[in-house]
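In what follows, chain A forms one complex with chain B and a second complex with chain C.
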Partner chain A sequence: MKKLISNLVVFVLVLGLFVIPVSAGEDEAVQTYSVWAGSHYTGFGDYTRKVGEYNLGNDEFLPELKGYYRFRDATRLFSFKAHYYDHKNISVDAKGTLSDRFTAELFYRSLTHQQGQDLLANLETREAGGAKILTHELRDKGADYHSDRYEAGAKFNWLVSRDNNIRIMAAHRSVLRRGEEQKIGSNHCYSCHITSQSVNIDKRTHQFEAGVQADVEKFTLGYQFGYRIFDSRAFDPAVYYDSAMHPTLNDLSYKVEFPSRLNYDDTILAYGAYPETEKISHKIRMKGEVGKGQLASSLTFNQTTNKKVELTSDAWAGVLNYAVLLSPRTRLVAKASGTRKSNDDPFIDLRPWREGRPAPVTTPSYVTNFDFTRYSSLDRFEGKISAEVIHRLTPRITLDVLAGFQLIDRYDYPTLDESYQTKRFIGQAKMRYRKGLKYANTVKYRFEKTSDPFRSFRGLFEARGFDVLEPAVTIPTDPPSRFIFYYQREALRYQDITSLPTDYHEFEFSSTYKPNMRYSLTAGMKGKYDKNGDLDSLDVEHLTLQPNLSLTVTPAPRWSFMAGYTFTYNKSRGPVTVALFDG
Partner chain B sequence: MKWKKHDRRSMVGVFREMFLAGISILCVSTVIAGQPPDGAALVGNETCLSCHEEMGEAFEKTVHGVVFSAEGTKGALTCESCHGPGSAHAEESDPELIFNPAGQNQFGGRDLCVACHNTANFDNWAFSTHHTGDVNCSDCHRIHTETEMAVKKAIPELCYDCHSDIRAAFFMPSHHPVKEGKVECLDCHGIHGGGGRLTQDNSGRELCFSCHPEKEGPFVYEHAPVMEDCNICHTPHGSVANNLLSQNEPVLCLNCHAMHFHATIDGVEGAFTVPHNPSRNGVSTADGWKKGMLTKCTQCHSEIHGSDMPSQAISTSGNALTR
Partner chain C sequence: MSDYKTNSHNIYLTGSFVPTDRLSLAGIIGFNKSKAELETVIMPDITGRLDGALANLDFSFDRMHEYSNLDYEMLTLAVNGEYRLSPLVLLTVEAEYADLSDNTGYVYGIETGSLVFIRTGIRFSF
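Here is the complex of A and B:
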């Protein structure tokens, strides 16, 4: 809260830099202002607050105010606008330009986000073994789950020297999110003992950026530093984690601890805790003219640290873009980028299975050591290259053809020994027809062909340390058990499943007609189709069709009327879920 | 061209004049590269304003007007800095005889506006989708009249002119609060080709984490798609499913994971036996499957974006993201 107040103080002080000279008065000064006062009503009736998640929904009329002020004299320009929607939705923005050298912007905005629903509402009391089982417990029933977000920031840009285009920029942003959230705690006896409680939210983010740039001969060079911290000041919730006992079965197992797969029992532990992260970035950039073309490049280093557990991830990213006129009517745009990400690989030392508890009876040979090294799925190289040729066939017709390739090489994808690569080929063709400002038509087709898209290897949470997939307990075969374990699916279920597309097609048509500067009519159609063709009869498909029509009428410079209609048709085919029901 | 005479004759002043001259020459050369009116010469602002008085008055109120009036640039930056030599146009009053920046395109050589707007935000303008798509600065910006950021319409309506499908998405039940005015397109999109906040390439997970840093980690227990791309599970503009998910739970999760626990009882109706554990014999009904499908995965796997705390069940080595 102190930081928020200090930010507001800085906000007001810097605002004063502009307001004081403005109030000094100038003969040539031009001032413009407007005030709007009104009211709005929002009510959710019988609906959950999630329906109008960004409104208070108090079922009453609330006053609403907008204000705008603008000052301009020979060398200064200052604008201020504010919007009071309700006491939780306020925005203020002030911008100033001093001469041609210094610009500053200060802003503040807040919003409220209603969760307004019980995340466990779909669970019911159900029967088992002749007794009622409470499937969930709401410790704070009726709590007002919501978060209020406050953001304040400032941006400064100073042209130090016109000679070498030396500029200094700085920016700051603070975000505070407060409210209540529903935190769900669940233990091994999931179906019976899910509990939820209302927990305070107090998440804080502070971000600072600073940069400098200068022209050196025919190049512009720049450096930018970024620093961001995040932490949560709210108390972590805690929940009781049971021992493995059946409390309702009227047989010998009643309230007798059995050898379950727990690695801690009969204890209260915190859960749902947020990390405390620090992110540092350095970026150098260069742009200029090389040969007959334009070049822009950058090299970025990011380091993110989770300070609670001392884990660090690094990322190096390089970008190189080049554009050149191959002829007076043909232009080439070539892009290349590469990112190398790496993450710490911590050794996870878990308590041995049933340490200090009764020994397992039914499965004495069960693996008891579950320690493992967590290799990160973040470790990877990502590369992209593309070339786009734009050719002006005639003064009115332009043809645009793009070809690209993307590679994602994952080094330490969980439980896989070898690296796992995704390759994507991209092709795109566009044709534009433009007759002055009167007609503009565009036709576009794009396809992407992906081999080995991202998928969940061993996504079934199979135990670490198992080289082969097998059930944790022996299943009798005589007579055969009808008890279906989730890890007994066929290979498809284990390693080859994903709904991400291997084939993607996109078609777009748009036509705009402007008979004059007052009217503009646009009609268009966009279609997308994707499918995963690696799953044979279980192919996943998605189809989207979006026709649209819009009309803009501008009878006077300060009046503009818009009307538009967009229809969206989505169709998905995901028969892979059938496999679940077939076992 | 008229030059302002400075009282100070220091070397700084000389360099300043040389630099300003360079800007003017650059601007004019750009004009010439774009649409050179043959034999035209510079005529100065007074000649322009004699016919375009209203436009001149409106221009003075703009941020460009302030910059053009500043001490260092007054007289050096004129109408013809952008429009090129105006003598032919002044004599004939023919709009075809003056350069109109609204008509410039990617084949016109160096971009006029970027010559002055030379900051990091414009680094990649020449390579951006907008530029290669023949979107001109003046398609979005109005230079001569006083508007916020000199845009023709307020954002997001300006963007919706071309991206109507995105407008439709923001009317989905779950959406980022753009139509409520709490977030705007520019918060995420570097529309001039520039990078976003602390992002490597203004895309993917880096961008999302600038506002949702609690989901970045690095965590002890990861969820692989969070490391891969937020868009695997979320659709950022708007969705029918809650929390901007591309599908509702559990269907979304079942795209990669098999149903478990609730699926451990046969899907057929009637009595069943579990030989190795007779205490679990019972009568199965289709209701068991309903329970499975009507349960949300995140009710147990609540820390789905990652966690530093081990889950209770050892079968996952603590990696079930339930804690």
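Here is the complex of A and C:
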């Protein structure tokens, strides 16, 4: 923290060199200063963490200071703003411009955020027949969760040569977050025991960008390199995982049978650890005149690695935008983009299930290996194309029509070597009517038709009928005993589930009437409706309506009033399920 | 299937008045009233499917939906004034009162609380 502040002070002094040597002898220079010095008081009643979420003070006066400085002459501009609210809420911003040759900016800001405690009250204990279905435990009741955020950064832009307009850019940003947060640990289903504890936060993000840009004939070409790292210096939180045993039966055999079905129990393990991320990006850009229009394009490659587990994700992205005047009244904006993402496929090595345990009733033992390779549903190609035509029908009426198509092709989903494609057609029409300053009206309608939105395949609901499962073990008794394990119930799930729509409608209307400079009345309405009609036993839909009204009155030059009302109605329809464990 | 409905009303009134060249006043009144409710969840009747192994369990969830209910009001009152003591010196005064009434509570419990904020100072311009 001290390093950040010292860097800031040094940089402000360097920026100040822009000003000081010349300002003394420059007649045309204009300088403006202002300093505000005062105090603020905050007083709280009852629960403070909602109404005082970003306020540090409590029933006390705290000193507060603001400062502003601006220098300007024919070729230079320098400004400095600073605000000290309290020792956790500070902002400083300094900017300097030297003709068209050099610009620089330095900023620092901090704030504190107080957070409430999840009481876990929804995790309600229910007991039936002695079986504890769910329990929760706040091990840090009344904890003081808060985080202090510090951000500092610098930006430079230097015109190296006016020949070919060669520019160099560089930027840096660091974000630190410290404090305490709530971490919730979940035990396995045998105890359904949820615990909460306080853990330290010490998260750091550093980001650096550098680029070069030049004009080559009709085009502007650019390259930008980006580097970002994130890590947490706090110790990974750890939690005790209960001994695995039957919730109600105190039979000794269960005390060895249950742990054999788990990867771990009766131990303290780290959980909720943050990744250690490194992201490297390269971006090339090109823009310029092509034919009668303007072309802007970019190609980006990102590689992100979680260095803690050496997992890497790569992404290629290309963007092409073209805007052209088709006639003096008509403009076309065409866009195309494509993204390809691929992630490492980690191998998940699990402890053999029921290792060392005999088969039910008789031998040989029944041991299963559930090791698997996790293929990511984020591996995909995503392409978008759209065309928008903006046409001025009359001097007062403008019509805007947009049509687009989006394709998402997910690799290895829902199973290896399978592909799951989502296709979306988009249509939108917008009309604006304006008559001087007196009337301004806008009406817009958007429609999206999606086939096969992302869904979790067979992610929910067991089909009734135990006998549809093949027994894992048939015991040669007379008659034979069929033994079905809990994990086999996975095969009973049948419902593909999603909350994403296949049909989406959006309507928007806004009208402003301003008879003179004293009065202005605006009324509007926004509406959204979506539903998924492809799910066989689910009926998912969402509806939002949002009318609004506002009035501005300026009855006299020294008086002005504004009043407004907004109503929001939202209805979501979806499945409600209850997770059960009967012991 | 169940419906989750939200109703939110938001109303505000602001005003500003400049009685003299030295004094300016402004104020705002804001009020928000929001309510959200999950429809009572009707679980399938499985009475006929309960055998000996499950008969001890209670599959009714009559009050489960109540946890997601929200009902709160937020009132905000704020006034501020500026008085020019001289061409280069300005006195500023601000006051704000916020009152949140949380009638049902949620993840963090009942969040009813109030805030009084007062700020005053002098600005020097050069």
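Definition applied: the second predicted complex is superposed on the first by the 398 of 583 C-alpha atoms of A that agree within 3 Å, B and C clash if a C-alpha of one lies under 4 Å from a C-alpha of the other, contacts with A are read in each partner's own complex, and residues count from 1 in each chain.
The working rule: contacts are C-beta pairs under 8 Å (C-beta built on N, C-alpha and C of every residue); 3 or more make two chains touch, one makes a residue touch a chain.
These numbers come from a predicted model, not from an experiment.
Of the two partner chains placed by superposition, chain B and chain C are both touched by A:568.
Of the two partners, chain B and chain C, it is B that touches more residues of chain A.
Contact with chain C, but none with chain B, is seen for A:539 once the two complexes are overlaid on the shared chain. In the overlay built on the shared chain, the residue A:560 is in contact with chain B and with chain C. Of the two partner chains placed around the shared chain by superposition, chain C is the only one that A:42 touches, whereas chain B remains out of contact.
Of the two partner chains placed by the overlay, neither chain B nor chain C lies in contact with A:511.
Once the two complexes are laid over each other on the shared chain, residue contacts for A:119 go to chain B and to chain C alike.
Of the two partner chains placed around the shared chain by superposition, chain B and chain C are both touched by A:50. By the document's definition of touching, of the two partners only chain B reaches A:83; chain C does not. Within the superposed three-chain model, A:64 lies in touch with chain C and out of touch with chain B [touch as defined at top]. Common to the chain B and chain C interfaces on chain A are residues 32, 50-51, 55, 119, 122, 126, 129, 464, 557, 560, 562, 564, 566, 568, 572, 574, 576, 580. The residues of chain B lying in touch with chain A in their complex are 12, 15-16, 19-20, 60-61, 63, 65-67, 69-73, 106-107, 109-110, 118-120, 123-124, 126-127, 132-134, 145-146, 148, 153, 157, 160-162, 164-165, 167-168, 173-174, 177, 180-182, 195, 197-198, 200-201, 206, 210-211, 213-214, 216-222, 224-225, 227-229, 232, 242, 247, 251, 254-267, 272-277, 279-280, 282, 289, 291, 294-296, 298-300, 302-303, 307-310, 312-320, 322-323.
Across the interface of their complex, chain C is touched by residues 31-52, 55, 64, 66, 116-119, 121-122, 126, 128-129, 131, 464, 538-539, 557-576, 578, 580, 582 of chain A.
Chain C makes touch with chain A in their complex at residues 1-19, 38, 41, 43, 49, 53-54, 56-58, 61, 64-65, 67, 92, 98-100, 102, 107-126.
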